[in-house]
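In the part that follows, the structures are each spelled out as structure tokens.
Next come two complexes, and both contain subunit A; in the first it sits with subunit B, in the second with subunit C.
Here is the complex of A and B:
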């Protein structure tokens, strides 16, 4: 449905987007995720036609639209600021795109009513945008785009100005609507939780470059770079050296297939498990998250660890534990080079246990 | 603590109303008074006698109409030229933008006389001296400042996303400007038009210096109508 090939853009010498390439199939919801200033909004604006790319080709439904202005592209965009026109009623706002297309009045009325019904605002047609709440305004903005039946719906951080509870509701509504109408959506966000929840696939961006494209679980379980790993979810980071297939992890021994040399080893807080041959550490602080507890630990060699552990088995602040990571990713020069696993307890030790 | 009626606030409001509306009210009453002498609070004779006298004179009605025509045409022309220019100042970035914007202030910064001497030289060469359009062009200068600066600020205050949303939904640039940008900026544009109109209407001294020595505009006749006034402010070319 949408294909980008080497799309790039610079602003006065600063590279905003560098050679971005990816494609989106029909009915897919893809999130562009990254910290602010990473170029995700610029990329979205280039897809919309509001910003002209310096290089590359943008195709929508097989047609090259790279040189088409925004008003002639089959896209519609929902803005962060909802961008409703205060001098028009909700109805006039929603019907704008249809009036521009010169459709017959009866058809416009029908389609506007259907679009407002879709976002649950049938009774708000005669209101002014100033009389709506933030969530309602954003729904109207969505209806205004849906009514023109765009091939690709673009959303630029549409929920980021709303409070957390409302944001979660709207996310669910959007996801349901997208499934029901099989909409093709590009959704820009800096909130990794939002991306994980909404997206079929996530495009992680940093400093104008695409770091990784993948399904949410792929990005979480096997982040291809340190940047992605740090951006998605919490991580425990250990700088170490691999020698002869072995590495030291805060005092615990790891086995790995990776080549010898310096390495950065990442593990997720929920993947730590207590083990007799683990890294010795002391519990500094316990944060109650409700279903889980988050423990901040200091290892005996001075490293910092975060451990998410079930309420039932949680140790007290100040107590000593011994942990190994159940799942590990190994990085060198920022790129993922493989995995590692904790060494089994030594045979001598195992024998005494037996 | 119980809420007291805001007596101080009401007193201030009342004073403001008296100070602002009082003089206007007096003028309104005088306009329809035929006889109003001291101890009477209101005129003893009402009527339109002075209106007939004033408007009955050919030397009054023609200048008024000329004045209004010149002012309307000048203001509208300035609006047509300056509003799109203001939009460009607000939205586009081009070399020399700030300098150009400040140059409109410069019209009011230099002594007018030197400016008009220069303009008169040009007008003489192209034969505009003493013509209707010569006056219109000179008068347009007076309103440029308001018609550029106020709309520029207004257009800057409109979030670009509002225009982008309309453009994105398929509207042409012109349609976006007419249906989204203009309505949003309308209060400011109207204010700039009124200010421009009033400025042109009151700048009666400019054209008499160079453009139309024999022209009789409204302000001249107002000054010359009561003879006593004309001696203190002699309209040299009326």
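Here is the complex of A and C:
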């Protein structure tokens, strides 16, 4: 449905987006994820036609739209600030795109009613945007886009200005709607939890470059670069050296197939397991997350670890524990080079020392 | 003890409140007194005086004004050319404001400075500059003759002369007001319209103009009120007859030595200006409430 080939954009010599290439199939929801200033919104605006790319080709449904102005592209965009027109009623806002297309009045009325119904705002047609809550305003902005039946729906951090509870609700509603209508959606966000929950695939961006494209679980379990690993989920980082297929991890010994040399070893907090031959550490602080506890530990060699631990087997603050990573990734020069495992794993019992 | 402390701390604030109120009144007293003494009192006296007939009151002088063909021609001429130049200035300044809202860089800065330039030029300079530029053997005629166009007839003694000068003189205010109004319309509001398929014309008509209603009314009132009572420009430019009301009133008062008739002319002009002034005040009040 959408294909980008080497799309790039610079602003005054600063590279905002560098040769971005990826495809989106019909009915897919793809999230562009990255920190502020990584180029994700610029990329979205180039797809919308609001920013002209310096290089590359953008195709939508097989048609090259690279040079087409925004008003002639089969896309519609939901803006972060909802961008509703306050001098128009909700109905007039939603019908705008249809009036531009010169559709008959009866068809406009039917389609506007259907779009408002879709977002659960049937009774709000005569209201002004100023009379709506933040969530309702974003629903109207979504209806305004859906009513023109775009080939690709673009969403630029649409929920970021809303409170956490409302954001979670709207995410669920959007996902359900996207599945029901088989919408093709590009969703920009800096919130990795939002991306993990919504996306069929995630495009992780940093400093204008695409770092990795993959399904949420791929990105989480096997991040291809340190940047992706750090951005998606929490990680324990250990700078170490591999020599003869062995490496030290905060005092515990790891075995690996990776070549000798300096390495960065990443492990997820929930992948740490107690083991008699693990890294010795002391529990500094315990944060209660409800179903799990988050433990902040200091290893005997001064390293910092975070351990997500089931409530039933969690040690107290001040306790001594010994941990190994059950799953880990090895990186060199920022790129993933393989994996490793704890030597002589022994995960039978937690060794709580004091 | 803590309660006493709080009471003691808040006491000076409570005691000083009436003095602060008095101080505030004193600060506005001088301008209010000036307005009453120099504007409201003489205006009221003039309005009252214009209805005085012998020992009583009546509308005789007004009836005489409305029955006089020359006076009515002057009034019509004044209102028509004031409206024409106001609408033209607004149209021009809307175009300039649109350009300034969506353009950046050196050229936009130069255009901005040029559009504000007339603000710093007195009306008499503008009038003589136009005479020198548009008048017989002026720069414009010389330029035309350079490219082989002859037979130029200067418009400076026709209504077009003051019309051009009014537009030139009043351009900065609506440019400022409309540019400020346009900055209130967010980029995303315009981009959302573009994104949904709207071209430039529809964006102006359906997105920008409706949101500029208030700035447009304010700009209209400012330009209209500044033009309708003007004296210097219509005194130096335009035909000898009919006359703009400003010139007519001055001539009735000075040359003809008929202050009573001049007062009637002034009250009629004031009435027209008051309508526009009320629209301006109502618009400002509505903006204040919102």
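Quick notes on this structure:
Keep this in mind: the second predicted complex is superposed on the first by the 344 of 354 C-alpha atoms of A that agree within 3 Å, B and C clash if a C-alpha of one lies under 4 Å from a C-alpha of the other, contacts with A are read in each partner's own complex, and residues count from 1 in each chain.
Just so we're on the same page, a contact is a pair of C-beta atoms (placed from the backbone, for glycine too) under 8 Å apart; a residue touches a chain by one contact, two chains touch by 3 or more.
As the structure is a prediction and not an experimental result, all values here were calculated from the model.
Per the definitions stated earlier, placing subunit B and subunit C onto a shared subunit A by superposition produces a clash between them.
Using the contact criterion defined above for the overlaid structures, shared-chain residue A:144 touches subunit B and also reaches subunit C. After overlaying the two complexes on the shared chain, residue contacts for A:220 are found with neither subunit B nor subunit C. Shared-chain residue A:81: touches subunit B and subunit C both. Using the contact criterion defined above for the overlaid structures, shared-chain residue A:22 touches neither subunit B nor subunit C, since it reaches no partner. Shared interface residues of subunit A (contacting subunit B in one complex, subunit C in the other): 48-50, 69-72, 75-77, 79-81, 83, 85-87, 96-97, 100-101, 141, 144-145, 148.
The touching residues of subunit A, when paired with subunit B in their complex, are 48-50, 69-72, 75-77, 79-81, 83, 85-87, 96-97, 100-101, 141, 144-145, 148.
Across the complex, subunit A meets subunit C through its residues 48-50, 69-72, 75-77, 79-81, 83-88, 96-97, 100-101, 141, 144-145, 148.
Residue ranges on subunit B touching subunit A, taken from their complex, read 159, 161-162, 164-172, 175, 180, 183-184. Those residues of subunit C that touch subunit A in the shared complex are 186, 188-189, 191-199, 202, 206-207, 210-211.
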